[in-house]
Every structure is written in C-alpha cells, then in structure tokens.
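Some structures are shown below for you to check.
One chain, chain A, appears in both complexes that follow, with chain B as partner in the first and chain C in the second.
Take a look at the complex of A and B:
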C-alpha cells in the first residue's frame, strides 16, 4: 500500500496535503470530524467467538443471511468490471449468465444435499412442471429469501416458460441508462436457473428480460426455452 | 412550510444533482446553480475551520429572510443541501433520508461514476417519493 490511494477513497471535503501523503495510509478511514476511529487493530483480526461460515454445519446455516447492501456493492463492482471488458450488451449478459451458472450448480448441489438429509425418502423430480415449481419457490427462497411472484407458460411457443419476479433483489439498486435499455442484469439470475435446470437434466436456454409495469418498475421475466429433447421426453411420460 | 429544492454537491465542490420542488425562489440557469454550489462549498470549507475548539463539521443551517438552507455533510465529503421555508422543521430528517436514497440508488448503481452528475432513474423515483415530484 505504498501508492497514493485512489481518489475515490479520499474522504475529506478539503484534503490537506499532510493527510493525503502516501505514508499515512490510514486517511482512507478517517472522517472529517467526529471521534477518531481506531484503525490500528484493523490488521489483526480478533479471534472469532464462533466458527466461521465454512466450518459450521451446512444444515445450520440454512436460515443465515448475507447483507443485501454488501451484495449490492459487490454486484455493482462486478458489473463495472465486466463492462470494461465486453464488446456489447449481449456479451455482458452472457458473462453475467456464466457467472450465475457457476453459482447455480452449487445451489443445486446444496439443495439436493439438504433435501436428502431433511427427508427420509428424498426424491428427484423427473417431470418439468414440479421442477419449475421448485425453482420458483425453493431455489428463489434459498437464493433471494422469498419465492418468485409468478410462473407463466408462453401462449405462442410450446417450449417457453417464464418465471416472474416483481422486485428482483439483484437489480434493486441498479438503474440502467437509456442507451443500454435492453440490458437486464438479471441475466445473472437466469444463469442460476439455467444451471439448476441443466443439473436436473432439463437442458434449456435461459434469458432475462425487463418487463416493467406501473406498480413494479423493476419487474423482470426469466424466459426458459427448453430443448427439444426435454419436450420429447415429457411426451413419453404422458 | 415548503421544500424548495435539493442540491447534491460532490467533494470537489461540483453540483452533481439539482432539483426544484416548489415555486418561491428565483429560477436560475444551470450555470448559476453551479457557481452557487461552488461558492457554498467554499463557505462551508471556511466555516469548518473557524471553530476555536478543534475540528468542526462546518455550517449546518444558513438562514435568510425568506428561506433557509440545511446542509448535511456525509463522512465522504458529499454535501446534501435542502432549501426550505423558514418554518420547515423536517429538513434534517428529510436530508437523512435523501442520504439513504443516495447510498442505495446511486452508490450501488454500477452505471454511476463517482463524483459525476447523478443520472439515475432509481434516485429520481426515491426522491420523488420522499419530497414530491415538483418540476426539474
């Protein structure tokens, strides 16, 4: 940390040269007024009174939650980071989808494991509709802490289903500028859904679309386009 | 009791957000607003150094004959200024909520560049819900 901290970390309204000197790196945490904050202890973490999240039993952390603000800041940085490295909106959505996919595979794994330890006779759904229902309620609850708001089936296309979220947690604090209005950061959620479906043996292409209505300006539709093989298999079950 | 306008001034003294809510003050051009915000930034810096007993947060309320301006300085140096009538008592609570909306709808928005003018629909909506639509 020998370099001058980037200007966005400087917190003074009227920076004095002495406070911005590179040797005094604690300026990043100081406030223009008010009590001094002890920054000296920041380097040495205190011994934890309870084991960290990695050491606790998986089933016990079922109801623990992470800070929505912390996630929002992290996600914001992710989007900014990716935006510098992509060629267009489609590319950005694809990358967000990929990122969500990596999370989705883990979500599915964890949910399968929890279902197995929770019930005596855990079963695996092999029909599409129960799977869709479980994504709508269980996956959404595990990831966002609330079920999604609706499921719809496309009228025009046999192979299309939609999951609708009126107030998606992921994009709650995001205002997309007008020139990128097609961009939907819920592609991240679409990636999660795609991974869960893939993992359960329902290969599909999942995309996210903004579908604002007056009451819910952030309303988002996750569009699931199933592969032909899935539909053919569903036919055989009938 | 009326709220006339809201300014957000970045830590360098630039006006990054300005919105009027009620008539009562003279309409200015955007350039004049920029100059005023810069001036206020300077005055604030002076007032924060005047305290005889160590550090000071600087001016918090400036009162005139027909209006007052309430200033909230965030720990990061961003200033929120609310122009209200003299009788308005809720100014500092409103400012706290504006700060909250700013943290939620501006700082967490990946399409906002820090220290640049705020163009975020989410922030506009939050402010409108908080103070009223008015006119921009």
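Take a look at the complex of A and C:
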C-alpha cells in the first residue's frame, strides 16, 4: 500500500524532474536574460526611448473613438471582477460609482480642455443649471456619443434633479438576474456625474435607478441629490 | 525678477512647485521703507518680519539665477506663505468669476498673485513682480495642457506629487518662453 501513491498525486509525480527543477524552468518560463536584450538593442542609439505622454496631442480625432463592443467586453469584465469582491448589491454599486468617479474627473478636465483651450479667456460654469445642461449634452456626448434623453426636477424635493437615459450604452448588453433586480450598473455613470459636479464645486450624492417603461425596458434615471451648500450658493446668485 | 509657481490639488495639497528667474529686468522700484531698515533685518528670521512689515527686499537680486543672497520678501517660507494666503481670495473669486484665468487676484508687498483654476478645481498659483498679463496667460495655458496630459495617466492620482522629469522640463521651457 505504501508503495503505490494515491491516484490523485500521479499527475504531480509523472512529469520528468527536469521540468520542475529551478534551473530548467527558469529558461523555459522567465523572460530572456539581460545580455540577450543588450545585444538586441545595441544597434539603436536610444534603447529606452518610449513614447512620451507629453508628446501625444489631446485633441479628439476619429481614431480616439472606441468601439461599443470593446467597451461592452471591458465593462462586463469590470462587473465580474467587482462582483467577486463585494458583499452585496450596495457594495457593488458603490464600487462601480468609485470607478466612475475616477473617470469623471478626467472626462471633465479633458472635455473642458478640448472646448476651451483655443479661446483667449477659457470659462468655467459656475451656475448649477448650465452645468446640469452641459452634463446632459456635453458629458454624455463625450462619453457615450449621444446626449441624454431628459432632465427632470423633483417635485417633492427641491434639491433633487434627474438625468434620464432611455437606452444607456453602459448597460445595453447587461441582463441583471432576477434576484439582483435592485442593481443598476449605471452606478458607473452616476460616478462620472458625481465627479463632474464635484470638480465644478457642486458637491452632491449621485445614484442610479432602473426606471423601465414599456417602450424602453433599459431606461435609467441618474438621481442627483445636491448638498445644502449648493442651494444656498444658488440663492446668493439671485 | 523671479516667478514662483505652485500647483495645488482641489484639497490644497501642493503637487508641484517651480521657481523661475527671468532674464527680463524687474520693473519694480525698490520701496523707500526698505532703505530705512537696519542691516540685521536681512537675517533669515528677520526676513519674515521685513516682508510682513511692508518693505520689499533689502538685498535686491543683483544677477539672475541662483547663488544670490535673498532677503525680505524673497525668502522661500515667505513666498509659500503669500501663496497660501492668496488661496482664500482665490476661493472667493472662483465662486463669482467664471473665467479660469484670474488676473492679479491678490497683492502682497512687491508680489502680485495670478491664478488659473481648472474645471476640476485644480489651482495654479503664480507669484510675480512685474506686469505681464499676456505672457502669464500663455504660460498658464501651456501648464494646463501639460497638467491634463499628466492627469490622463491612470497612475496619477489626485493627491500625488507630480514628479515627472519631462513635466518639469516642459514647464521650465514654457516659463523661459513666456515669463
């Protein structure tokens, strides 16, 4: 009995020892050793001249657009990755929001640069309603290639505004299982909106909610709940 | 004539700073008060007092570049304090002025403070002595572009110092060209 190992170990014991020994495995799996690189690049004058981010233009050209399917694949991986690391729907939405926030800060800065850098006196929006309009059209166009479908103001609460997208690009290829029906992957978009508002000095809590209607089953509402300080500031402008 | 540039994150963390000595001569006449101050006032600590008392530097920089003795308002800690103090004024102005370039937003003794606020609330603060509106505008525009490029890098976070040598080099080149 001791002579025969259990069958499940047979896979490990069967390969020849040289495959597992460190000396051989290093030549098989690791990167080529140093001298090989040196000889390969000896002819070129600058072996380490990588393209520099400061040399790349920031302007929008046709090739800077990304295909929707490539984005859908990436976003699907993001959701899967997150889902393995969270404890519930709220946690997942929060994480997607955080991710969107990081993108939103960059979108805001880049969008403004593209729009204003040519002008002699670049402008920033300082009133809330123009900012909301610009999120509805400019930010949506910059990120999703089309403007959002509607802006609404809450009737009950004066600090709440909604941006409505009938067919959000982000969730177009996502079908949420029935037991997670509360989940809205547009939290990612909400994060982008939150970052844009924050950057321009309108701190707010932004969340995403599914609001399907018959014609648009994917219809999504981004709910913006402004902080009190923003409303007070708007009062001062009047 | 020297210029001091500070890049401050939305939470006012300094991300980058630069001191630039311009080849152009200073157009500022030395303050009369500075001539009356005793010689000891140029010592390191008294420099702060001199600066705060309203006199400009006693020892004027005689040549461009380093190696020159600094006194009064030219001390590093005084410069930093003036830049920080101007933040209050800048924050007031950005709430009602919708321009990104805030020309001569604050003044302290011989220093004029100009600022540039990006949409993401990043503040570029420049301390300068002479009047050079167009040059400063062009300089800020170039720094903005460099900053946006830095920010697009996924490894850059909002509160990290900008340590890129290329960024530093480009900002210096731009300062040399416009200031």
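Everything that follows uses one rule, which is that the second predicted complex is superposed on the first by the 174 of 238 C-alpha atoms of A that agree within 3 Å, B and C clash if a C-alpha of one lies under 4 Å from a C-alpha of the other, contacts with A are read in each partner's own complex, and residues count from 1 in each chain.
Rule of thumb we're sticking to: a contact is a pair of C-beta atoms (placed from the backbone, for glycine too) under 8 Å apart; a residue touches a chain by one contact, two chains touch by 3 or more.
Predicted model, so just to flag it, every value in this text is computed and none were measured.
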### Query
Given the touch rule stated above, what does A:217 touch, chain B (first), chain C (second), both, or neither?
first
### Query
Looking at the overlay, does A:134 come into contact with chain B only (first), chain C only (second), both, or neither?
neither
### Query
Should A:98 be classified as contacting the first partner (chain B), the second (chain C), both, or neither?
neither
### Task
Quick one: classify A:83 as touching chain B (first), chain C (second), both or neither.
first
### Message
Between chain B and chain C, whom does A:175 touch in the aligned arrangement: first, second, both, or neither?
### Response
first
### Query
In the superposed arrangement, which partner chain does A:73 touch: chain B (first), chain C (second), both, or neither?
first
### Message
In the overlaid three-chain picture, which partner chain does A:126 touch, first (chain B) or second (chain C), both, or neither?
### Response
second
### Message
With the touch criterion stated at the top, can you tell me which chain A residues are shared between the chain B interface and the chain C interface?
### Response
none
### Task
Within their complex, state which residues of chain A touch chain C.
52-54, 56, 58, 105-106, 108-110, 112-113, 116-117, 120-126, 199-201, 233
### Query
Quick one: in the complex, what on chain C touches chain A?
10, 94-101, 117-122, 137, 141, 144-153, 158, 164, 166-167, 170
### Summary
Residue positions on chain B within touch of chain A in the complex are 11, 41, 44-45, 48, 55-57, 73, 75-77, 79, 104-105, 107-112, 114-115, 119-123, 125
### Query
Where on chain A does chain B make contact in their complex?
8, 10-14, 31-34, 69, 72-73, 75-80, 83, 173-177, 180, 185, 217
